[in-house]
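Next come two complexes, and both contain chain A; in the first it sits with chain B, in the second with chain C.
Moving on to the complex of A and B:
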């Protein structure tokens, strides 16, 4: 039913081209003619597994087109669904099946993190990987931390506080950025929240979804929401530091995967992006404001998937509370990576071109760090600028002096 | 606490939000999508026809408002219109607007008709046909949305009030663009931002110009640095150059949007795009919150003042159902001037269309009124295309109404908030 609503929304398209003016990919490459052309226009010619053209595969799925459409056409969702059909009819490459399962590779790599990290940064190995499966040799790869957030959380000596919140940390915090998780817990505890981090949180399925593997993605979402739903039913809010994974459970599982389940519904109603959650606290006068000066000037990039939450830029609003912190909103559309898009051999250069202006802006400022809510975007921005990129929580954590 | 929630980011919403924010209020600008700036030519047309061609809007406006007491301008007032234009011009320094409420430019459209406009981007102004002149229209072969021969032929036959002589001819050039299947105006504008591309175009055009011709191009002369592109081209050709707005996406409109949004955000304003206002909570004659559909949930946006800038029928702010019910979508405000059965539409598209005048009735401080003229909400103002009583496309008054009502709503809000 939801599928009909999504596809049916194309009848609202008045061909105004506003989506085209905002598409970050079509401005970087002629291989992608733009969201209106590939979406509402081409969709009329699609039936079954017949698709009028292959350019669809060059859509990065950033979702900006849907956000800016004044007529409510679900351009990105139409395209994601059509891309799945296209990819299935052509056969999904092995590469896409591998890079869309970060939890699996991370589980294997974590115990042998030094070796894994070395291999991912070894030129010869990367060249071979590019040749055999088509992951670009220069594409940004995160570093395995060698320990998990969950192992930290188990040992963490939590204070006893009145209120509780559930932390959906996602795979990246668990395997690549456990420190971000610890800082998030500290910031929440400082604000009087006991943090519950349910064990065994698997992947949200987003990378699978964006690579067209809808059935697998649906299975991942089902398992994950089954873990989180009991807490939501008890009335706990759930916060996510991974803005794209949070969005997957808020919206994309319905609108792209076409899922409908009770577990999913209760979880999405309770799901908050961490900055959204903290800003809501602030608006209710409940946020701790013992923030000390952070005398820095930093560039901030709002990731596309964060825009999909349709909540503005809560990180920027929180930064205004930190004395002496100067945040420059780069106002650039996209960093290019779009999850796994920029890893692919044939798309790496496009992704780098999409992000070029952002990288130039950041580099020109010579900041200590740049700030961005999404992990894959941070890795891409670091790759494009050689400057460390951090989650907004890092600055709050610093300002609270925790 | 949020002081003001502005719903809609077309010209009217952007202007209201920016003025309130700069007056020191905390403003959130909420929009379900981008407004019609990206479609309209980026000119501020105040009043072009009454119904005869208007040469001086400041002279015509009081008379026009007297004769059309239900028109938005009758509520806004000619003096406020003039002040809003001045305020607007001062917003732009690099990329500037030119003109005043005392005269209308007559600018060529892409199909070669002429259109009265009051405030126009400087990059368009040399196309003014009031004094006639010799014009060369230059097409860019890759741009399928602009046909210089059509423009030139119609402009050459155009009648201006002064009857001045106009001569016009057309040429095509082929700028260096490789391998792109479908080049939009916006893609070209981005290319013009690159100095090398501009040089190549200038060289091609200088081989084709003749005598004292002014040179008209589709409005694609740069997005990030249009002033430099336009000045660079004038210098290279040693003659006036002007842009002609055309089919969407409108590059001058995108510039307008980007400049105002950037000013609003750097003044500390919050922008929320993609979320739709779907209802409101009210207490007596006050709005307490607007309900906003964002991902996964409907959130109440609490504020002290609310500005409804959601546009008209075109943007879905006002809707008509298949059973002819007309509804304003956020507050369910009464929609006035809905014609009776049998009188809704004229058979010919460009005739007067009574349905086009339907909208929200307002008082002199832009608060919404019910059918008996009673003010409905004391902390809600209504601006732009959703106000009843205009036929913007016939009058050539769309952006003039949006700008001046956005400006005036801010005055109301600032007075009530301070």
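Moving on to the complex of A and C:
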């Protein structure tokens, strides 16, 4: 039961403060009182639908606290659920309703991508948007690709292969980075997989969830898993290139939204992060290793959400297979963006401060690209460093010379 | 020898005594209250926190039920600040007779207790942790009440009406001239000073100790049975509504959400000495088993602390001997010693329960007025207590919400109970006590999950500073407090609380080596070791 799983976990807190010493946000701003405070401590003072503490909203939801807690307290999950109550009791700002529905805006903007992209980069318009809606004028915005991954996939001439895998590409690949989707398909096909990209995959609801719109998020998850579940039931594995969306279906829909459904269960059991999936292949001796040298030295940032998968750093292991590729794990906690957190007017500066050390590390290396699994983190790192940031698949794709 | 003159002397600083002092003072009498320890340190501070709706007694004891619902409504008005309006459920678990529910409903209606049967799924939605095999649920206006806040506030009102509250003053003897009680001789337990308090009327409100005090006054045969009950505080709110088993009153039949914890209670064992209620392993096991029936998984949840309280149950000496103190009336007893023993100027009020403390005080002071031949109207059902003048109920998020405004400038000392430095210092100055346990009761210092593990040494440092005490005294305070906390944790050391205790142990023994902290001056120690 969700009450036992999440709220009940506060019982394990011995107040050791380890989470506080790892929290990237409380280090960056005094406005956030820290994960122990807003998590297991404050939770004892919360009940029902009254929300006593607004400061909890400064939690970025990166989830590092839960990762580092030696006692098993679900700190971040407690905070997420408390934030929902907070948002519901205070009323959800229009801004949060908009930025938490990327598919909606993307669907509208894709046909008019040049105009939309111009607008998002126009300083006057951005200043007006900041004033009216509260999205920070300098916050990183992705570019609409103008064509979707789905439209590419429909025209894609797929080879006939023995094995199949389902690709959960998510909204960002569909609307902003269809190229990443195409490269993922190429890498999978090169490894003998027929790639099924079910049509009509909507948003996983993560941005809604992190903005406290749990009911809407639950609806999104339900619709999405209804699309994916039939494949999972037939025994297909599902891969995701978006770490956070993959995590949503693997774990967070249970542990934060408190969902319990058979569709969700079968999908989560079959859900793999793309790097995790490829590394599994490698460990079974099934990964194609015709990898040619990629003579580069690149920084790699592990996104917080990827840590939530509890699968190690499969990308780093895969990079070791690529000749002459030198990868430096930045070991930095967080880039600051945390999905939509860093977009918000009142949180942009905090997010930039959280990511400052990471940006400095990356900039100092002067690499051609930096590498990171999560799209919003890539956009933030690009914003903070002015250096292109790519998904690990890009390097594999390059190394396979596809 | 110094002496103090007053109209009314109240002995006992529990809810009964504080209530009597409040009533006496607000009727305009000169009042002195003496308490051998701190306010609310006995039975009052060791109860489960339930403000009865009367539902518990609706079938068994109609009079008690009627008193409860009456007082429940009065206290909501005059002591709102001490009450959290949680509401209460009476639930039929698989171990209870479903037919009892009908008798319960009928009983409640007869006593004027608002009762309603609701569909169990509605209850499960509101309280997701309760046992899904519960077959019937009734709602009643139970609530949670903070006994310490209540007692402080009675004391505050007493002082506002020029009454005196003397804590740490033990009664050595009752002063009696012929058949007239004229006050008591007392000793200041902290300074050792002894003096007399001369009073026209002396009111014995010492609960389970009432027999001893009556003996001093030469009024023998006041038998107050001490019924021990243990309670376990669980680390957080497992429920947000009071949950009662819908059955005849029994052990482990109630779970009360009070402040940040939930308290399961209670047992009822007759003991000889009210000063030594111990907690046995069997009682702990029994409470946990009973908790499991109300909230499955109860045993896996974190138990914070266990304690034993002693309820005073007045027994008519002529009634046949009984060993189950629960069968003795819970209603209070007001003894008019003029009628009973031919002794004037002396009244004993004992028994009862916290919910009816105000009514007990009112009756007592009415009787006193009658003996004095005056008529003064009781104010306690009309004028709210000082902290309750806004009429707002306490709510769980109060401290958390308040801290939002000051969190950037005021240090947090007790993290579990959210006690900030400025407030702690203010209370220390106010209480002017070097006993950290007194500070604990005033602000709930060290009462959260870590049981003082992180705040105790901080608070000791602050106490040292505020009270300008020497380091030996400070060390003693720290050690005494540590010992006091340990008492309540030791019998429930399992699971999460055991892990906490290990960490606390590392802090206090591993880092601070408290066992070897000097607690007296070098000269004194030398004197003691080499006389």
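Worth pointing out:
Here is the rule we use: the second predicted complex is superposed on the first by the 400 of 402 C-alpha atoms of A that agree within 3 Å, B and C clash if a C-alpha of one lies under 4 Å from a C-alpha of the other, contacts with A are read in each partner's own complex, and residues count from 1 in each chain.
As a convention for this text, a residue touches a chain if its C-beta (ideal position, glycine included) is under 8 Å from a C-beta of that chain, and two chains touch if they have at least 3 such contacts.
Keep in mind the model is a prediction, meaning the values are calculated, not measured.
When the two structures are aligned on the shared chain, A:351 is found in touch with neither chain B nor chain C.
Look at A:309: by the touch rule set out above, it reaches chain B but stays clear of chain C. Touch criterion met: A:42 reaches chain C, while chain B stays clear of it.
When the shared chain is aligned, chain C comes close enough to touch A:52, but chain B does not. In the superposition on chain A, no contact is made by A:343 with either chain B or chain C. Of the two partner chains, chain C is the only one that A:13 touches; chain B does not reach it.
In the superposition on chain A, contact is made by A:4 with chain C only, not with chain B.
Chain A residues 16, 30, 33, 37, 71 lie at the interface with chain B in one structure and with chain C in the other. Those residues of chain A lying in contact with chain B across their complex are 16-18, 20-22, 26-27, 30, 33-34, 37, 66-72, 247, 250-251, 268-269, 271, 283, 307-313, 316-317, 320, 329, 331.
Interface residues of chain B facing chain A in the complex, by the touch rule stated above, are 1-2, 28, 31-36, 38-39, 179-182, 184, 186-187, 190, 248-249, 254, 262, 265, 268, 270-276, 293-297, 302, 315-316.
Interface of chain C with chain A (complex): residues 128-129, 235-237, 240, 257, 260-261, 297, 300-302, 395-401, 403-404, 407-408, 412, 415-416, 418, 448-450, 453-454, 495-496, 499-500, 503. Of all residues in chain A, those touching chain C in their complex are 1-4, 7-8, 10-16, 30, 33, 36-37, 40-48, 50-55, 71.
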